[in-house]
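Just below is one structure, and these are the notes that go with it.
By written order: A, B and C. Residues from 1 in each chain.
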Amino acid sequence: MTRVARLGAFIFVTLAVLAAGVFIVGSKQYLFSSTYQVKAQFDNVAGLAAGANVQVGGVISGTVHSIALPDKPGDKITVLVDLDKSTHAIVKEDSVATIETEGLLGNQYLAISFGTNGQPDVKNGETIQSQPPIVMGDLIKKASVILDSSQQTMQNANLASEHIASVTAKIDSGQGTVGALVNDKQLYNNVQQTTTTLQATMVQAQAGVTDFQENMEALKHNFILSGYFKKRGYEDSGDLTANRIGGLPQGAPLKAFTFTAKQLFDTRDSAKLKNEKSLDAGGAYLAGNKFGFAVVVVSTGMEGDDQKDLVLTQARAMVVREYLVNNFGFDDSQLKTLGMGKQTGANLDADWGSIQILIFPAGTAMPPDQPAPPKNSSITDAAQPAQVTTAGTQKP
Amino acid sequence: MASVFCFGSGVCTGFLEWFGNLGIFFWQVLKAVVTPPYEWRELIRQMDEVGSKSLPLVALAGAAVGVVLSMETRESMTRFGAKSLLPSAIVFAVIQEMGPIITGLVVSGRVGAGIGAELASMKVTEQIDAIEASAINPYRLLAATRILACILMLPLLTVAADAGGLLMGWVAQTLAEPISLHHFINTGFSGATLRDFLPPTFKTAVFGLIIGLVACFQGMRTRGGAEGVGRAATNSVVLASLFVILADVVLVKLILVVFH
Amino acid sequence: MATAYDIAMEQAEIKQDGGAPVVAVENLQKAFETQKVLNGMSLSVSRGETLAVLGRSGTGKSVLLRLIIGLDQPDSGSIRINGQEIVGLALDGMGEIRKKMGFLFQQAALYDSLTIAQNVAFPLERHRGEMSRSERGDRVEQLLAEVGMEGDLDKMPSDISGGMKKRVGLARALALEPEILLLDEPTAGLDPISSGEIDDLILKLQRERQMASIVVTHDLHSARTIANRLALLDQGNVVIAGSFEDLERSEIKFVKEFLK
């Protein structure tokens, strides 16, 4: 290669590399693309320098051309920005310029927000709104205030935890009740024992209850005590609600037989049946006719205890039903009882209440059963579950 | 008078005289440069000598610097958690300082010694006198062409050193942690302005002036045969290198003041 | 008693053909450091005349030639070339005058980066720009043929012997058809046969060209062969100037010593 050719090659190649470098740097400075200019004003630019990037929506789209200090104090600093022409459509008059930091300690750059659609475009040289930058110094001041107060909190927490520590220490060493509880092995053993004993007792109690129930039953049939039961009219309270229904059904009855309590019962407050024969007419009808179902409805006057009267009506209904069931042939599941308790009525008081046998035609909807009303707690209640099963097979 | 100024110190007086003579020499060269006839052929020849022939050495030196820079900076950057800044660090370091100064010193050595020795041997064999006796201005033919060649070729050589440095810097970087050249260049040059890169590259023209001037002066003033030639070559390298480094200090400051 | 100068002037007036001396040196003073080399010497040379300047080695004979061609400046005195004062003339002013002079240096001072032909072409390229390339080439060949070096056009100076270098030097000195020829120790370092060859060559060239020649030599025999007049220098002054016979006849002690 001749001297001149070699020299020419050297100069050409190095100039080409230089040109490439200039181009690379220049394109980053937007020297080679068409740009337009926008201004933003700030009180403080927080270290933003000319040549810094300008991001629109996070995309680097321009550079800071220059930053001019104001003429007099009180005026704002003017930041002049070169923006790539491609941003013309998205930077509008309502775009806002802010100064951001790359990362926490990085370089400052200018961020311009998108404008809203419909707003007019920014013209070359116009000024857009701006927000003051976060000055790291202020942040740090705030942070230090927070630090101070949290320091106080820390101290308090410290004290508290010290206290807890001392308490824990005390517990550990067996001081105080909890300490005793936690630490006393003997107490633990006692509790263990107690629990075991309790379990045994429960079993025993259960056995006892069954036993007791049986005793009661026996007593009822004892000649000394049976008088009570006879006087009452019934032995087992358990039957009281065995066949009851929740209320009267809709619709008119086929037939109704009505009696006064005075007619059928001994005393005002007993359920001992007398003059059973008067019930025969009803019984005969039940046996001889087709019907849906029938209800023995009993009510008393206003005298006496509410609860006792309710029980009385239920008992009376039960007794009437039993007579009918025992003496006449019909499906006894079709005969229900309904104890109404106290009812108002003209002749109820004088006659100690009323008893009705209402017979309804087939197809009448039967009202659902109601849960047993609350009774005074008695041993008979406890015995009830056991008795229901035995009642079915027992006969007076 | 010089001795009065220097309180009779021989070294000091000698130094001042040297500077004075250098100034006179520079003035002669300057006059020769601006007046015709122009020695184009000789200029081309010198540009080839200084430029094309120094290229391999300069590019290699630049590449070596690039590798070293890359490895060392990587270490410190990682420690400060700024590894993403590594391409920028390399690009800026190479183009703003390492490229120019390495080129300046390498050329001081190669071209400084070359010119110093060549002109010195011409002097001791009376060739320079012969040129003058032929009614040809030796300042124009010999000194101006060489100095001009140095001024013009140094920036181009610096570009070559920069290219070598950046390329090898990328290679070293990518061997440790793969990064595409395109990405390296992109992140490396981000935030750069022409004001960052063009002044450092063109300040090497001043280096060229220094190297050419000192070497020609030393060469053309030689006395004393073979020993004189050796001395001229050595002095050229030493003085050129020294003044290049000093000039760099001044120029860097100047660039900072003027361009930033 | 007539001074050497007077004698010389007489001689010059006789020899020349109707004009002032081509080279007229008057009362030159030149000192280097502490040594006074020329102490008021004067001489003149006319067209067609060969003046040999003799003296002890290292006595400033070469300095005289350098002063005449302007490579050095005298401390005082006058040098007139064709009536024009050249003392104090700057480099550029000397240009036209130098084009009329040919200078053969002691070691020929060939440009060692150029070939023989390029060496001889050197002044032609710069001062005979109107010549075409081929014309120049022919001229170079012609000149080299005159000095007997026609076959060695493309050789480098380092490839040829001392005697051959001087021939080429002569060819180069004659390239521009000078009026004045200055020869610094043309036979120095040559064996007797080669010296004789050079002497013959000089004679021949002088016969053809009728230049005003000044030959500085310590070779008495050579001086006697080629010179019309001889001037003997001692202590920086012309002790005697005249034909060889004049020197032989002289009673001056130094001359007698020198001629032994």
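Some points to look at:
Heads up, the rule we're going with is that a residue touches a chain if its C-beta (ideal position, glycine included) is under 8 Å from a C-beta of that chain, and two chains touch if they have at least 3 such contacts.
Model, not experiment: these values are computed from the prediction.
Take chain B out of the picture and the remaining chains divide, by touching, into A | C.
Taking the CA centroid of chain A as reference, the farthest chain centroid is that of C. Taking the mean of each chain's C-alpha atoms as its centre, the chain lying closest to the overall protein C-alpha centroid is B.
Between the CA-based centres of chain A and chain C the separation comes to 128 Å, rounded to the whole angstrom. Inter-chain centre distance (chain A to chain B, centres taken as mean C-alpha positions): 86 Å. For the pair chain B and chain C, the distance between C-alpha centroids works out to 43 Å. Chain A has no residue in contact with two or more other chains.
Residues 3-4, 6-7, 9-11, 14-15, 17-18, 21-22, 24-26, 28-29, 31, 51-53, 107 of chain A are the ones that touch chain B when the two sit in their complex.
Residues 66, 69, 71, 91-92, 94-96, 98-99, 101, 103, 105-107, 109-112, 122-123, 126-127, 172 of chain C touch chain B in their complex.
Chain B makes touch with chain C in their complex at residues 28, 35, 37, 122, 125-127, 129-137, 139. Within the complex formed with chain A, the chain B residues making contact are 44-45, 47-48, 51-52, 55, 95, 155-157, 159-160, 162-163, 185, 189-198, 201.
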